[in-house]
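Two complexes, one shared chain (chain A), two partners (chain B, chain C).
Now for the complex of A and B:
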């Protein structure tokens, strides 16, 4: 076994790092020179990971163009070997990578778009959740509503950005009008990601609602979260927020805080 | 209105509306049951377009990366106002 392990490591280094094979590995390759066969394998490796990234980051690819994107992914793949047997897990570090990728510095909103796209990617493959059991909620005494701890669907994510990432993302979806006009200076946004009927939806959430949802996500009770938000955002409309988030299947369950 | 009354009123109102959306979501759930367990994204539900998960298509043997020198984004970012002007 140790011999096989060493051989496989040697082979992996050859593929990922572009090194030559050590002499003890003797691949069975009757029709081509070994180097040619390794090139084929190496190109498949990089090509598959490139495709995986293009699949997870279609908006980034459109924003920077296919050539630039290939240049970007080539360097990403060289620094981030796949760590999972499931290619859908590949690409998690893209936002950080882009933030440090010199040629992309001019596109200042690109890292935030990558965060949003990864959230969408994870949302698509997230577990199903229950739907809010209204019958159970009806049994809670109104006195205890403040102690409700609301649970959020596993596919739901909130991405905050200084740039209009929701508009940029939606402008690059299939069927969207590509003649968009987006002003980068339109102020910070909160992009809310959710999944309905297996489709990913990204919509904008107001500052008060986003702050509230953020607090709710951390497991704070309805009473405490609402009080906190109302201090900074007296205009916060709890009913509207609840209706929106329940209708979109983002609030899916609840428990009662013990102290209530 | 104090916090408790706001919450009682909001959840009470939600319950009246919630019965409707609760029913609507039952359909959602049915749709979810039909999902092919994460094999492909919606609208890309066939082998060939989900290459990322299981590519059987061989890549060319020639190096596909001649663009190390292409270090300028050339996509739709050019159309987003001020996008290129901020730092470059």
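Now for the complex of A and C:
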């Protein structure tokens, strides 16, 4: 008779939901009340998830302060239980949660900072990718360039925001100059997350380059992506964009359309 | 049955390597027998893996998982297992270990090390899962005894008997955490002598030592302080009955300066040498 599942489910509910144990499961503590033991497990549960969020969202914690952050994580944890044994996977829904979190409404750029921090967190733990094989690229006949489908590094992410999130993020990194001015009306930002020499870098990308990269990321061929961008951004410089994105390890590989 | 690891840990004292000490350890200033890291911190590539590969050039590495949930009643997370497999291929660790615990049931994941009743049903369940893990990794898994804050009266055997059965059914090894056993003695009246008699000495591949704290009369496995005198005493008793084995100092919270950790490792090393000398 499979009773293990019932025992663990009951125990899990008691830890996550703070419920009492059902009469079927009666654990035993000879030295202190069972509730003391359950409280230790409940504290561990909250503490481990809180620490995982603080690790993934250090800029959010700095922006709102430790006490506010603790209140935020408490409610986040109640709403979003963990779904992975790997704590580094915890916290993916933070941006949406903050967007709906009434006490944080005054800080308009906070959800976008959360998107950026989650992108950085994922970038840190992303798999490695190759470096673009330029020799192989040179063997492609120029008339076939339009059919190139470019692949991006698994650590690279693009976060587009109406606020200067790149400046805010960089201003809150360890060792950053605290004496900086943020103008919230400075216009949209395209924050590009990359992993260069194994360090997580957040830099800005121009509007045309960002639009092009976003299309490329969706698997569209070089020719089609470039034509689409040139319609809205006639100033788009394809060669400069390619040089920049290859140098930063963002474009790592390619296939030829129709020959994949 | 899994084959024992071909490259085993040296029978000396090692330290749990955590982020604050990466730089200092890599600068080569440290005379450390071996290091152990939490496997999940190195899933993926980039800086974590590069760092670990550099460490691996200088020290034998043990991978210690905290997220597999060997006793969970939800299926083994195949992504998790395959990430561990890739890490093992990259690092070629001297040992791979997990805890005798669960972390997932009924759609809920609890990122902690949780106890369960030691029943025949649980034994078959955990043995099957250890076999799955060993099959994928292609190597022996060490299974660590757990620090518990409560016990289940319907357990049909002790933790020591449960571990012993796992060894004979799966060929897994045992990671004997001396502090965890001490916590269970104090919290749950566990019988330390009986535990040590119950587990097959030949299957014990590693010892763990750490500090605990106390909350409301309950000892909690917090790894945030030096090894307590009573735990050293129990370690010496374990050395007498099991023999010298690779021994790790774990310190995961309020992490001290590296020399403090090294001092704790030296204390373990002295005791190991004493028993090495006696055995010689």
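Note that in this section the second predicted complex is superposed on the first by the 255 of 260 C-alpha atoms of A that agree within 3 Å, B and C clash if a C-alpha of one lies under 4 Å from a C-alpha of the other, contacts with A are read in each partner's own complex, and residues count from 1 in each chain.
Heads up, the rule we're going with is that a contact is a pair of C-beta atoms (placed from the backbone, for glycine too) under 8 Å apart; a residue touches a chain by one contact, two chains touch by 3 or more.
Bear in mind that the values here come from a model prediction, so they are computed numbers and not experimental data.
After overlaying the two complexes on the shared chain, residue contacts for A:88 are found with chain B and with chain C alike. After overlaying the two complexes on the shared chain, residue contacts for A:52 are found with chain B and with chain C alike. With both complexes placed on chain A, chain A has more residues touched by B than by the other of chain B and chain C.
Legend: residue contacts after superposition of the two complexes on their common chain; A:155 is shown touching chain C, with no touch to chain B.
When the shared chain is aligned, chain B comes close enough to touch A:137, but chain C does not. Of the two partner chains placed by the overlay, neither chain B nor chain C lies in contact with A:234. Legend: residue contacts after superposition of the two complexes on their common chain; A:8 is shown touching chain C, with no touch to chain B. Contacts of A:181 after superposition on the shared chain: chain B is touched, whereas chain C is not. By the touch criterion stated above, A:31 is placed in contact with chain C alone, chain B being left untouched. Contact with chain C, but none with chain B, is seen for A:16 once the two complexes are overlaid on the shared chain. Overlap of the chain B and chain C interfaces on chain A comprises residues 36, 39-40, 44, 48, 52, 87-88, 124-125, 128, 198-199.
Put simply, chain C touches chain A in their complex at residues 40-41, 43-50, 67-69, 71-73, 77, 80, 83, 102-106, 108-112, 114, 116-117, 119, 121-122, 125, 149-154, 186-189, 215-218, 220. Of all residues in chain A, those touching chain B in their complex are 36, 39-40, 43-44, 46-48, 51-56, 61-71, 74, 87-88, 102-110, 124-125, 128, 131-132, 134, 137-138, 142-143, 145-146, 148, 168, 171-172, 174, 178, 180-185, 196-199, 222-223, 226-227, 230, 238-239, 242-243, 246-247, 249.
Across the complex, chain C is touched by residues 1-5, 7-9, 11-13, 15-16, 25-32, 34, 36-41, 44-45, 48-49, 52, 81-88, 90, 123-129, 155, 195, 198-199 of chain A. Residues 3-4, 6-15, 17-19, 21-22, 24-26, 28-29, 31-32, 35, 38, 41-43, 50-53, 55, 58-65, 67-68, 70-77, 79-84, 86-88 of chain B touch chain A in their complex.
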